[in-house]
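Read through the structures below before going on.
Two complexes, one shared chain (chain A), two partners (chain B, chain C).
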Partner chain A sequence: MAADKDHPASFQRRSIIKAMATGGVVLAGGGVFPGILRAQADNIRVGLPIPLTGPFVNEARAVQRGAELAVKEFNAAGGMAGRMAELLVRDDKLNPQEAVTRTIELIEKDRAHFIVGSVSSAVQLSVNNATKQRKVIYNSVSQSDTINEAKDWSKYTFHECLNPHMTAGAVARYAFPKFGKRVVFLTADYAYGHEMVRGFQTVGKAMGIEVLADIRHPLGQTDFSSYFPKILALKPDVLVVCNFGRDQAISFRQAADFGLKKQMKIIAPLLIHSGRMVDGHDVYADIIGGTGYYWGLEDTVPSAKRFNDAFRAANGGTYPTDYAGLGYVGVRGVLAAAKAANSTDSDKVSDALRAIKGDFYKGPTYYRACDHQSVQSMLIVESKPAAQAKNKEDIFNILAIENFDESKLRSCKELGHA
Partner chain B sequence: MELSFSLLVQQLFIGLALGSIYVLIGVGLSLIFGLLTVVNFAHGAFYMVGAYVAVYIFEKTGNFWACLVLVPLAVGALGLATERWLVRPLYGRGLDYPLLLTFGLAYVLVDSVRMIFGVQGEHFSTPELLQGTVDMGFGPFPIYRIFLVGLCATLLLALWLFIEKTRLGLIVRAGSRDPLVLKVLGIDVDRVWLLIFGIGTALAGLAGLLAAPLRGVNPEMGGPVLIEAFVITVIGGMGSLVGAIVAGLLVGVVVAMTTLFQPELAELSIFALMALVLIVRPNGLFGREGLMS
Partner chain C sequence: MSTIATDEHAPTLKFESVERHRVLATILALAVFPLLMPFHALATNILLFGLFAAGYNLTFGYTGKLSFGHAAFYGTGAYACGILISQYGVHWSLAIAAGVTLGGLTAFVMGLLAIRTRGIYFAMVTLALAQCVYFIGFHATSLTGGDNGLRGVNVPAISIGPISIDLLQPFTRYYFMLTFVAFAVWLLSRILNSPFGAVLEAIRENEQRARASGFNIERAKLLSFVLSGLFCGLAGALTAINLSTVGIDIISYHTSGQVMMVTLLGGMGTFFGPFVGAGTFLAMEHVVTAFTERWQLIVGLMFMGLVLFFPKGIWGTILEWVKK
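Coming up: the complex of A and B.
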């Protein structure tokens, strides 16, 4: 893709902008020019490639519902000078290749102005590669450390989600001093797992933790029983389980069956809402982990209350989950930036998005200038027993909130940014 | 960490217990293939349907033991219908016809379950009576897994007795060798095939129910199971009941031991074992020659 300038998508975008400018002049002059008016009334299209099939389908649906709310609110507020937003949802099947195909289709065939989405570290890197080449803004809503590194990053890359370094770091700072320093990792053998382990080890090293073993398991493992004797024999204080989705639920469940919880504290970088909802308190009991968002935050954070109420009104009373929050703020961000720039031009919107700061659903957030990582708060949670719950979606107790500042992120220099 | 003897023994035991789950998963597939020469690609889907039927029955009755009786009956009935109206018209047309049909059926079943129950998955608790662990001398072991080993052994014994020691079993065995002679003798071969397909799918459904407290329940749960079942059938020898049992236990032990020393290779080890067996014995450990031709 050497000649990006000549790329049909870029060409289309420029013609729309030109047409808009012309249309503005014509309108201001009171003239009527149907062809150009049609271009002006053209929707702002946000492409959302997410894994609607496969093991992360619950997270994908949540992202979609959050994104739909953001679009609805944007349109209800009058859009961008009357130009409405439209969401184009596509199934990336949790497959990097499929995701790239869908993304290119969204940009070139459906003329999407922005891409938001993906629920996998590997998938987002390939999506980012495709958007970067085509100079289209991409706001990723799932965990990755790599996407912000200079070699992958571009001016059009934004990372809405927390990253493994932040997530694991926050849980490590909370858990290691409380539960002990002899640590075993049980890790899903792919980028997400590896990055989480690195996050725990970076922070843990400074605290003097002793890593007894880092045991890797294949993605999509259905039986963990053969991992447990070794873990029990190592007698760690803390078992850090770095996996995601159904792997997490199955490993927690079987660890409990084998009595691991009686001998050690189990912690995880993230406790996934949908997993806890489906598998119940018994499976998650006594396990501590992080989350980017929990609706219970509404007791102390007014913006969370507003977001919850709006989401519930649009979704039959269901509370938003962690990934619903990400879908919401991910799409909300690019649309707000387009509105601020009064344009869908990637460069202008990128500048506008970089300048957006505020409290949209979980307290103050902003994008760090050098790498567009969203700097935000993170919650440390544990499962709440049904007896204490206010309703069936009341699944977590918030144990602590860590408000991130840039000092706790990997430095811009470390990521390779000048 | 010191590699103690007790750790090895414990790992071996875990491998055998895991193996009994593999046997449960594989035996239904092996039975249908061995006696009907139908490669049932919907095996994983029947397993998944079994788990969902269990969720439904448990919701209505709150009784795990009721599930244990009703799930095989329900999934077996679905199997009977499948054989009677979908598979039967394809007999005598070559291996790939029923293979493609069941492949498509698997998609239909998975999407039907997605439409009825949703995509999010369901929770299925270990029955209260079987919760907790017992000390096996080398460490704690879940009661439910011991129950599974026992149930699996009982089930296989019953199946073996049925095939080897009953009159109906004799007809089944004769039919799998030479259906024409059976027909000449005035025996309704169609009903024999129907019964076998029903039993095979009932076993798949039962495996789904029994795996639910370990692995959870979701529409995609049959995917990896189909692969596991095939590996076990191939290692054991296409169509051999004894083969499926030996292969299941062997795979369990190999996985457990690989996990202890090189956990990254645990998944690969199953396929390495399969390749190795196929090189030494192309028909599998206990396979009959010429079944595939």
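Coming up: the complex of A and C.
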């Protein structure tokens, strides 16, 4: 220990500094990569946090493609007085905490002017909390009733997607008078499922439906066979399946196997384009549901035809899906508002967005003044058999189009807005 | 000891002196960290996840108990703090204290039920109990927000006398969090240096022998579990304030698995290892995600490489090299 006693102070100081530097460098190890993720200084930057990994990756990619088209068109038209738009895509991993970190970094580090995105109810609410605090405009492209409520909402919050109340309401208004009023719900036990059931029940109550049971199943259920004997025994006219993604595909397939389709009509709030593409007509046959956008709308709506053509030209001939439409209009809306305001200032763009009444891809849409919910049409569709299809992406028949007016939304007062 | 021998052992002696000041060295390393790191929001996440892992390390690395339920302490800490701020408007300092307390209390209850089991059984019991906490959180929608998560844990600015600290500024937020982490690191070092800390290591090395030496093993293990819960509760409470939201995923078994991985990666039973593990893992994930959607494959391969070539964890292996 002689050496220690000889130069104790200098040893300690030097070694502490060394250890400190080593520690800092090791800790920063993976992080020091200059140049990556760096945004251009004078561009209009739109941050797009979406779940590029996880179960909703198909929807996320569609959102990205739509958003890319919107940016491309904006730049081709000269941008905002020469200022070009730039899309900053980030993977939120379908995790609210990850999404908040990404959003904060998009705002603080990349200086994003606007945030668009999310394909999950929980994620969008967390992102909205972060953007609200930092006074940055956020346009959500995923279903949620909660985001419009006064508690979560802010001047900078916009909701481009349909919400469960609108979606379920439109399907209920179409289906209950046609197929009967004795109803059973099969519901995924999370916010999306609960909000959809509430939407069906609110509209159904006025029509005098009788709810025989609301059967809840856990998220990510792989076997629904144990629920079917009970449903068959209740003998409902209509079975409403309020779940999403794989849950929806598995429950539809097994419902057919157990003979439910012969005894009752199955309806769902949403039939997802990518789900029907993957699982095919047999699984979706005779089931009726809603969607925000289907490319077949081009036969009657000129803006849909224009959007489809532009999207196909940019994506190797593929037609846009429902979520591609949302990604497109979500980004196009904020960029159009920035151009109208000739500014990226959140307050000015927020005012400009509220004033926009446009027809971007599916007929006229606008944001309701009190809660910034996009008021838009809703399609009722059913699966189209391959024999009748024009091409392999021709998967739905449009049964009805419900043009929305504000009377069909939850009232501003109900949402807590003054 | 001869002069020659002293020269040969010079690096050891140097490092011993650093180890003696490990609290200072750790705090200084954490203080320079955000200056080297281009992602500031991520730096704060790493700091807080590092604290969570340091708390976990007390049970896993120092006492030798493999817990699979620490997300419960992290999560209850976050929810207690978050709910008090967002729904009851409680002052942030009291909310943090409540988060720490609930983290410890949850650990106490889980510890009473689990502490007598060993090895894989301890892991399974803690996992099961943490899942119970998860489902309580998931279904207590009016309090926790359930699946939608808890929003509005907004502490935009903090006033201490005439000074107002803006927590929306990334650097300010980091150093605000660091003051708490620094205190926790100091406290953790004091615990490990105490006779009680020695008992924990004795239990890890040989439980029978520690018992034969006259120590109350059950009580020591329970106390270590509760102390670990307090640190994890603090990390959770600070995370709630950092992100202004609490998602239900915070209590999921993924979080419990992640903290174990991070601790292993950094070096279990080392003082600074958990922070190194959190930094490496989260930064690796963050950077690889920017290049490819197949980040899980790349991160998995890198993780395997690290485990193969750094069997004692990154920091553990570095310590071994330095001490040679």
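Points worth noting:
Here is the rule we use: the second predicted complex is superposed on the first by the 377 of 418 C-alpha atoms of A that agree within 3 Å, B and C clash if a C-alpha of one lies under 4 Å from a C-alpha of the other, contacts with A are read in each partner's own complex, and residues count from 1 in each chain.
Quick note on the criterion: contacts are C-beta pairs under 8 Å (C-beta built on N, C-alpha and C of every residue); 3 or more make two chains touch, one makes a residue touch a chain.
Since the structure is predicted, the reported quantities are computational estimates derived from the model, not experimental observations.
Applying the stated contact rule after C-alpha superposition, one finds that A:Pro229 touches chain B and leaves chain C untouched.
Once chain A of one complex is fitted onto chain A of the other, the partner contacts of A:Ile215 are limited to chain B, with no touch recorded for chain C.
Of the two partners chain B and chain C, more chain A residues are in touch with C. With both structures placed on the common chain, the touch criterion links A:Asn129 to chain C but leaves chain B unconnected.
Contacts of A:Asp282 after superposition: chain B is touched, whereas chain C is not reached.
Look at A:Ile250: by the touch rule set out above, it reaches chain B but stays clear of chain C. In the overlay built on the shared chain, the residue A:Gly259 is in contact with chain B alone; chain C does not reach it. Using the contact criterion defined above for the overlaid structures, shared-chain residue A:Ser154 touches neither chain B nor chain C, since it reaches no partner. Contact with chain B, but none with chain C, is seen for A:Gly54 once the two complexes are overlaid on the shared chain.
Overlap of the chain B and chain C interfaces on chain A: residues 57.
Within the complex formed with chain B, the residues of chain A that make contact are 54-55, 57-58, 61, 189, 212-213, 215-218, 220-223, 225-230, 232-234, 246, 249-250, 253-254, 257-259, 274, 277-280, 282-283.
By the touch rule above, chain B contacts chain A in their complex via residues 1, 4, 7, 10-11, 14-15, 17-18, 21, 119-123, 125-126, 133, 139-142, 144-145, 214-216, 218, 220, 224-225, 255-256, 259-260, 263-264, 266-267.
Those residues of chain C whose C-beta lies close enough to touch chain A in the complex are 1, 3, 6-7, 10, 13-18, 20-21, 24-26, 28-30, 32-33, 35-43, 45-46, 145-149, 151-152, 154, 156, 168, 170, 239, 243-245, 247-250, 272, 275-276, 279-280, 283-284, 286-287, 289-291, 293, 295-296, 314-315, 318.
Interface residues of chain A, counted against chain C in their complex, comprise 1-4, 8, 11-12, 14-16, 18-34, 36-37, 52-53, 57, 90-91, 93, 95-97, 100-101, 104-105, 108-109, 121-122, 125-126, 128-130, 133-134, 144, 146, 151-152, 190-191.
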